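By written order: A, B, C, D, E and F. Residues from 1 in each chain.
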Amino acid sequence: MPIIRVEMFEGRDRETKQTLVKSLTSEMARITGCSEGSVHVVVTDVSKEDWGIGGELAVTKFPD
Amino acid sequence: MPIIRVEMFEGRDRETKQTLVKSLTSEMARITGCSEGSVHVVVTDVSKEDWGIGGELAVTKFPD
Amino acid sequence: MPIIRVEMFEGRDRETKQTLVKSLTSEMARITGCSEGSVHVVVTDVSKEDWGIGGELAVTKFPD
Amino acid sequence: MPIIRVEMFEGRDRETKQTLVKSLTSEMARITGCSEGSVHVVVTDVSKEDWGIGGELAVTKFPD
Amino acid sequence: MPIIRVEMFEGRDRETKQTLVKSLTSEMARITGCSEGSVHVVVTDVSKEDWGIGGELAVTKFPD
Amino acid sequence: MPIIRVEMFEGRDRETKQTLVKSLTSEMARITGCSEGSVHVVVTDVSKEDWGIGGELAVTKFPD
């Protein structure tokens, strides 16, 4: 039943997301004792124009 | 004042969302006694590439 | 797979929450075509000291 | 360490978001005593087709 | 209609929250042009036992 | 900069949360290439009275 949400900068491909989902799910099950089948992971890609750190947009602070 | 959030797979059209918003709002008001006018519903469409269930992306687990 | 979140003022009892969860779930399934079994509803009780509307805390704006 | 999330109708440009992030961050630091550098602000643009108020989608209730 | 969420370490009193809500609301309205009356702010107090930074719980990393 | 949120049934102790935070952080860094120091994890304990699955509260569906 656990729900894990991940907010990160956009740009990761599907394979990376699949790897991430698999790993977070298995660690969650291993550590908390829940079943892997019950874990949801929802990934949200956030644009660097929409994320401010220390008052500055990431698009300015961390240009590609 | 209640805020309802719905995360679901992307692909529902505007008419379905309107029906959903109307129904969730009226049920919320009927059951909790708040006014319908005070209910916010925010819908988030989630890509099947961004939703993992049981460690597997929904795009693989539930292909269209 | 849909996830519904409800934020509302604290104070509703378990029976009201059960009624709410049942209704939102069945409406979600009826309107979007998902199975009832796949719907998660997470309710968050928010204190009136933690909710501001129009710049004023609800505890002041809407005293009991 | 504080995290501020802003959900608002889509359509604000980068300059407005930069101004908003800067202001919310500095107010947060001034009022709570945290450092500005530790404040995260994540902005989510919501389509008027995905936001219901009083049971009606904003796209209908507040057309442009 | 904007919704602002603030997650921060628990421990701020009601007066600080009132000041924060008032300030974030008025800045939001000033910068985006929305009405103050339409702004919701929801504050979530997070225990230092529930917040990890760099892999370490804040209760250990930032003891009082 | 990534933010990970975990919602799970209440009842895990501090040691379990510390283990979970450490593991999710290091997996996040390993897979996405971000630095461990930039990862935030926020854990939310949810009462079984506040979580509905398939229309039924978890407190009824999964009694302790």
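Everything below uses one rule, namely that a contact is a pair of C-beta atoms (placed from the backbone, for glycine too) under 8 Å apart; a residue touches a chain by one contact, two chains touch by 3 or more.
Small disclaimer: the values here were computed from a predicted structure and weren't measured.
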B-C or A-B, whichever has more C-beta pairs in contact: B-C
From chain A, the most remote chain by mean C-alpha position: C
Chain copies touching (chain C, chain F) - same or different residues, decided at half shared: different
Centre-of-Cα separation between chain D and chain B, whole angstrom: 20
Touching two or more other chains - residues of chain D: 1, 3, 7, 24, 40, 42, 51, 53
Contact graph of the chains (line, ring, star, complete, other): other
All chain pairs that touch each other: A-B, A-C, A-D, A-F, B-C, B-D, B-E, C-E, C-F, D-E, D-F, E-F
Residue numbers on chain F that touch chain D, as the complex places them: 1, 3, 40, 42
Of chain E, residues touching chain C in the complex: 14, 17-18, 21-22, 24-26, 36-45
Footprint of chain C on chain B - complex, ascending: 1-9, 12, 16, 19-20, 23-24, 27-28, 31-32, 34, 51, 53, 58
Residue numbers on chain F that touch chain C, as the complex places them: 7, 46, 49-57, 59-60
